Amino acid sequence: MQILAQQLVDGVLIGLVYSLLAIGLTLIWGVMNVLNFAHGEFLMIGMFLSYWLYTLAGVDPLFSIPLNAVALFLLGMFIYRFIISKVMTGPPLAQLVVTFGVSIFLANFAAFIWTPNYRFIGHTIFSGTWHLSGIILSVPKVISSVGSILTSGAVFWFLRHTRTGKAILAVEMDREAALIMGINTERINSLSFGIGSALVGVAGALLATHYYIYPFVGGTFGLICFCIVALGGFGSIEGAFIAGIIVGVVQTVGGYLFDPAYKVAIVFLMYLITVWIRPQGLRG
Amino acid sequence: MRNITGKQLIVGGAVLAVLIILPLLIPPFGQHVVILTLIFAMCGVAWNIMGGYAGMFSFGQAAFFGIGAYTSSFLLMTFNVSPWIGLVAGGILSSLMAAAIGYPCSKLRGHYFAIASIAFAEIVRIFFNNWEMVGAAEGLTIPMRQESLANFTFNSSKLPYCYIILAFVLFALAVCRLVSTSKMGYYFRAIKESHEVAQVLGVNVVRYRLYAIMISAFLTSMAGTFYAQYILYIDPASVMVLAISVQIVLVAMLGGANTVLGPVVGAAILIPLSEYSRAWLGYKGTGFDMIIYGVLITAISMYRPNGVWGALAGVVRREK
Amino acid sequence: MNASLLLDVQGASKYFGGLQANEDISFQVSGGQILSIIGPNGAGKSTLFNCITGFYRLDKGRVLFKGLDITNRKPHTIGKLGVARTFQIAQVISDMTVLENVMTGGFLRHVRVGDVRLKAEEVLAFTGLMAKGNYNAQALSVSDKKRLEVSMALAMEPELLMLDESMAGLTPVELRGMIELIHKVRERGITIIVVEHVMEAVMELSDWVIVLNSGRKIVEGSPKEVVADREVIRAYLGDRYDAVCP
Amino acid sequence: MKMRRVLMVSAVIAMALALCAGPGLAQEKVIKIGALYPLTGNLAATGMDCKRGVDLAVQIINGKYDLNLPFAKTEGIPDMGGAKLQIIYADTQGDPKNGLAEAERLITQEKCVALIGAYQSAVTKTASQAAERLKIPYVCSDSSSPTLTERGFKYFFRVSPHDGTMARNQFEFLKDLEKKTGQKVETIGLVYENTEFGANVGKQEKEYAKEFGYKVTADIAYPANSSDVSSEVGKLMAAKPDVIMHAAYITDAILFTKTFKDMNVVPKGFLNMAGYIESDYLPSVKADGDFILVRSTFALDLAKKKPLVGQVADLYKEKYKIEMGENTARSFAAPFVLADAISRAKSTAPEAIVKALEQTDIPGDQMIYPWQGIKFDPTTHQNIYAKAMLVQIQDQHYYTVWPWEAASRELVWPFPAWKDRK
């Protein structure tokens, strides 16, 4: 029972990190209908940024969050402006494939300049564990989850309460109508891509506190993120947030109760059953 | 485009003749590249039927590829059934699996379908990875048997493999052409445009989508069986992974989805490029070959979004 | 029972959440007639179309086609039975040529590609799109797209053709052409239901008009009767009618 | 127009296929050996470790060094007229189909007379199959799947111990431990990644646990490269085994170590492998790796008993600025074995090399491993002397602790609780 409760907590903790990753992805998907397969590689770059800041300048990953966000925001804008925007008017398949090219390039380029070696940030200001009535909480994981909640909340607030945010939501709902209303959809596209990438940058810094870092680490998170986004529903921020937690819990608790060998399969099966019943996802 | 002219026949025959003669002149590694190219050409043609024509962007073809590889190998190793029968059995099994997954997914389109197909393929992979009867994670090592066409085994030379897969590709192309010029092909393209339009035109969308998936699965599975007989070792990590599915999509897209020959051209560019860049640059361990590969995919998507062959075909259509 | 009764809608009702999109609508169409359905925006005209053609499920009521109950059948089944339709915004298959588009419709009744092509060419000659047979459907003007949509429907050899605002957005010249085409289609013995805003066309084409408002049928009759109906004029047509028929 | 299109197809295909011809260069006075490793992709870091091992071995064979290694003191192979070894590397990307293709390319195009490497057993399987078909000797010193030497191949030889031997050694250690200290172990928890490698290890461990009379209370196969391993560790915690045996590559090794610590998992001992001894492991987990036991064929502290090990390790460190590790050390063996066989065969003809390989008998003191020597079983071609030793991480270094006679430090047993440290 104790262990089951522990699994539940661990599931929520990893789920919240998934949520943050998925929100970035879903924002991009919702606004411009592009599935960014390079999302995991953006995360990898975020993690490496934190790593280098820590190694070369002694900056704790937690303090590299703002820098990460800005750097990834710029990277996202750059990639949108010079690559993604070029295929937006093309056939849908080209849009699906172009980000694959970017992802293969980024991972291997990272391996080229930083070597394929594995790295780990040993000691951050938060480490160790807390014990809460028998449940063990890993401090870096808790910090990551809190960071994820705060960031998600900030995104949520931004979208609902600022002019730009509302414009993004308007484009997400109806691109044509937004265009007629005088919203510069091109600007919104690149902004959303930037914001989506910045969120991954934040997630990268948070994960860097307790996760190994290497050029191909993106693959570990990429696939599950797509599943979460689709489960949450097309472009739905709340959907992605909730689906992230659900996937985290199902994976961890399901793996514990059933068989860890099938834990990813359980998540995918749950996804398939969900879209069978609700093709638009949970909140789509 | 509909009718094959005499001129086309001659040139087509010439291309074929080149393909038949060329393997005789090149070293085994070259033959291997030809074989691999043709395997992926076949998968690309198969993908094209469901993806290019019917608009279902499947990123889960590896499941069918793997089922084909596993079915024939399992039947061969357990019941000593000829791989040729396994080829058909695998195809049928793949088609049935395709129908079983295609039906619940019949409302999914675009990205949702893409992700659902990934999920399906991953479930199949994980299932095989834990299934003791088919070797689970250890995979199956197909014993080297007496060399003969009936055994689908050739130890001394790769040439027979070249010609068998060439015949497979021709078969797939014939199927694709037959489909694309018949009622089914028109209906697939209507479905790709929009389910509503297709329904109004009297198309049973669910059924025709299943046809597309099943034909595609059958052909992909044939390629899988061939792979197993050729490589003689299969495990879920090498025949059922996302990388295979992605490679198949890339081949079709870069060549030009929605054209019969596009995937063949795509494979002829992509596979030799990745094989030779690995052979020539890979030993340095810099990953330079993969960097080039990534850039190429990005560039083609940007500048030839209809694929290399698709762009040419487009030019031709406009000129008419 | 009228022997030539083709379509019989009985008490059709459709709700979206709490909203009544269609409430207890009944009407009948005889073979060879042209029926118009009019009403202000949001009156439920398109919903009714979608209910009859199987795109929406009816919550109450029945639809009989040639005496056969087609309520809530699948759209493609209804198409096969002889009901063809067009959409408010013309829907064509964009990566096909005009001829191929029409052929796609033709496959409903023919199997051999050669037969289908002959059928399609015949239809294109009939609708006047023959010259553009090799154009990419995407490249057509709005008017030609609508014409193409009608051609695709005709290739299905339907008994009932349902046109959803086929005349919206056309220039006066194009409008005349479309009206003529509809007349010609009727001469072939095909029954037609149109949803239309353009009153000029309604007046000229219709044998019978039904008026919807807020999901209910409020009046039906011959065009002249409907136009004369004060309630209709005042409440639902108002200045639009004045504009067309001064 | 159609004509032009068809011409384009032929042009594209012809171009693609023309590439297939490729360059085939031939040089004299060198003996070409092909080496397959995952040099790019997921396992690139490991592949590079292996490559460095091979490079160093070749450097020693070709150059003049005062080391008690075969051919160290002379340049090249004297019996072959001082011929030097040349390694042609090929990248497998960790994919079995590339293993096959590259092996064939190395043999037929690069004219390599023998092959080594592959690291991942799945890749070695297809690569050695190609070698067998083309009748070219294959000496493997870094793949551990037992099935490799169970296929009855004529051209395949393995220097390093396989998972079966190593699993057996692990249980022998547990028996020894009981004999020596009276510390009794009863239950075993197995956790392994569900890949060709992990599943094989798991299978062997289960068999030997049964043979040696231990109870397996947890048998957990899990997907490699997971983003989170809470459920796996949770299952282990529920089973509370005395000893945990974990088979994984480095990514999971790091993640499990962290999770074991966070969840305060304290069995009597960890008997792990592979990822736990890769060169990036200790720099990543630092002191958290302490007291974990890892099965190995090599450790730097062997130098105390065997000066040769220290000399080689110093040479390595001088060249690459990093410590020599297990993977490097294993891959280091194959070139010597081949050079030895070629020298005795006085020929590079495949049949002659195979014949010489079958008669290989390299004494233990000419190697950097704690084995009695290298001698291949006549039927399986597995090195009959190969076995594993156990190293324990202490103060962030690997120290040999078993077999007792090879130990350079006292074993710390049971595993000290996490909270009692520092």
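First chain written, first letter: the chains are A, B, C and D, and each begins at residue 1.
Note that in this section contacts are C-beta pairs under 8 Å (C-beta built on N, C-alpha and C of every residue); 3 or more make two chains touch, one makes a residue touch a chain.
None of these values were measured; they are calculated from a predicted model.
Q: Using the touch definition from the top, list the chains contacting both chain A and chain C.
A: Touching chain A as well as chain C, we find B.
Q: Top contact pair of chains, counted by C-beta pairs?
A: After counting contacts between each pair of chains, the winner is B-D.
Q: Measuring centre to centre with C-alpha atoms, which chain is farthest from chain D?
A: C
Q: Can you name the chain whose C-alpha mean lies closest to the mean of all the C-alpha atoms?
A: Minimum centroid-to-centroid distance belongs to B.
Q: Chain C to chain D: how many Å between their CA centres?
A: Computed value for the inter-centroid distance: 74 Å.
Q: In whole angstrom, what separates the CA-based centres of chain B and chain D?
A: The answer is 35 Å.
Q: Centroid of chain A to centroid of chain B, CA atoms only: how many Å?
A: Spacing between the chain centres: roughly 32 Å.
Q: Residues touching two or more other chains, restricted to chain D: which are they?
A: Those would be 40-41, 44, 48, 194, 221, 223.
Q: Tell me, which residues of chain B touch at least two other chains?
A: 126, 129-130, 286-287, 290, 320
Q: Could you list which residues of chain C touch at least two other chains?
A: none
Q: Provide the full list of chain pairs in touch.
A: Pairs flagged as touching, ordered by label: A-B, A-D, B-C, B-D.
Q: Over in the complex, which chain D residues touch chain A? Could you list them?
A: Touching chain A from chain D are residues 40-42, 44-45, 48, 194, 220-223, 225-232, 234-235, 237-238, 250-251, 254-255, 258, 262-264, 278, 280-281, 283-286.
Q: Along chain B, where are the residues that touch chain A in the complex?
A: For this pair, the touching residues of chain B are 51, 57, 101, 104-105, 107-108, 110-112, 114-116, 118-120, 122-123, 126-127, 129-130, 242, 246, 249-250, 253-254, 257, 286-288, 290-291, 293-303, 305-306.
Q: Considering only the defined contacts, which chain A positions touch chain B in the complex?
A: Within the complex, chain A contacts chain B at residues 29, 33, 35, 83, 86-87, 90-98, 100-109, 111-112, 116, 223, 226-227, 229-230, 234, 259, 261-262, 264-265, 268-269, 271-272, 275-276, 279, 281.
Q: Mind listing the chain C positions that touch chain B in their complex?
A: Going by the criterion above, the answer is residues 53-55, 74-77, 79-80, 84-85, 87, 91-96, 100, 103-105, 107-108, 111, 113, 116, 134, 136, 152-153, 156.
Q: What residues on chain D touch chain B, complex-wise?
A: 1-10, 12-14, 16-17, 19-22, 24, 39-41, 44, 47-48, 51, 88-91, 93, 95-98, 100-102, 104-105, 108-109, 122, 125-126, 129, 133, 145, 147, 151, 194-196, 198-200, 203, 221, 223
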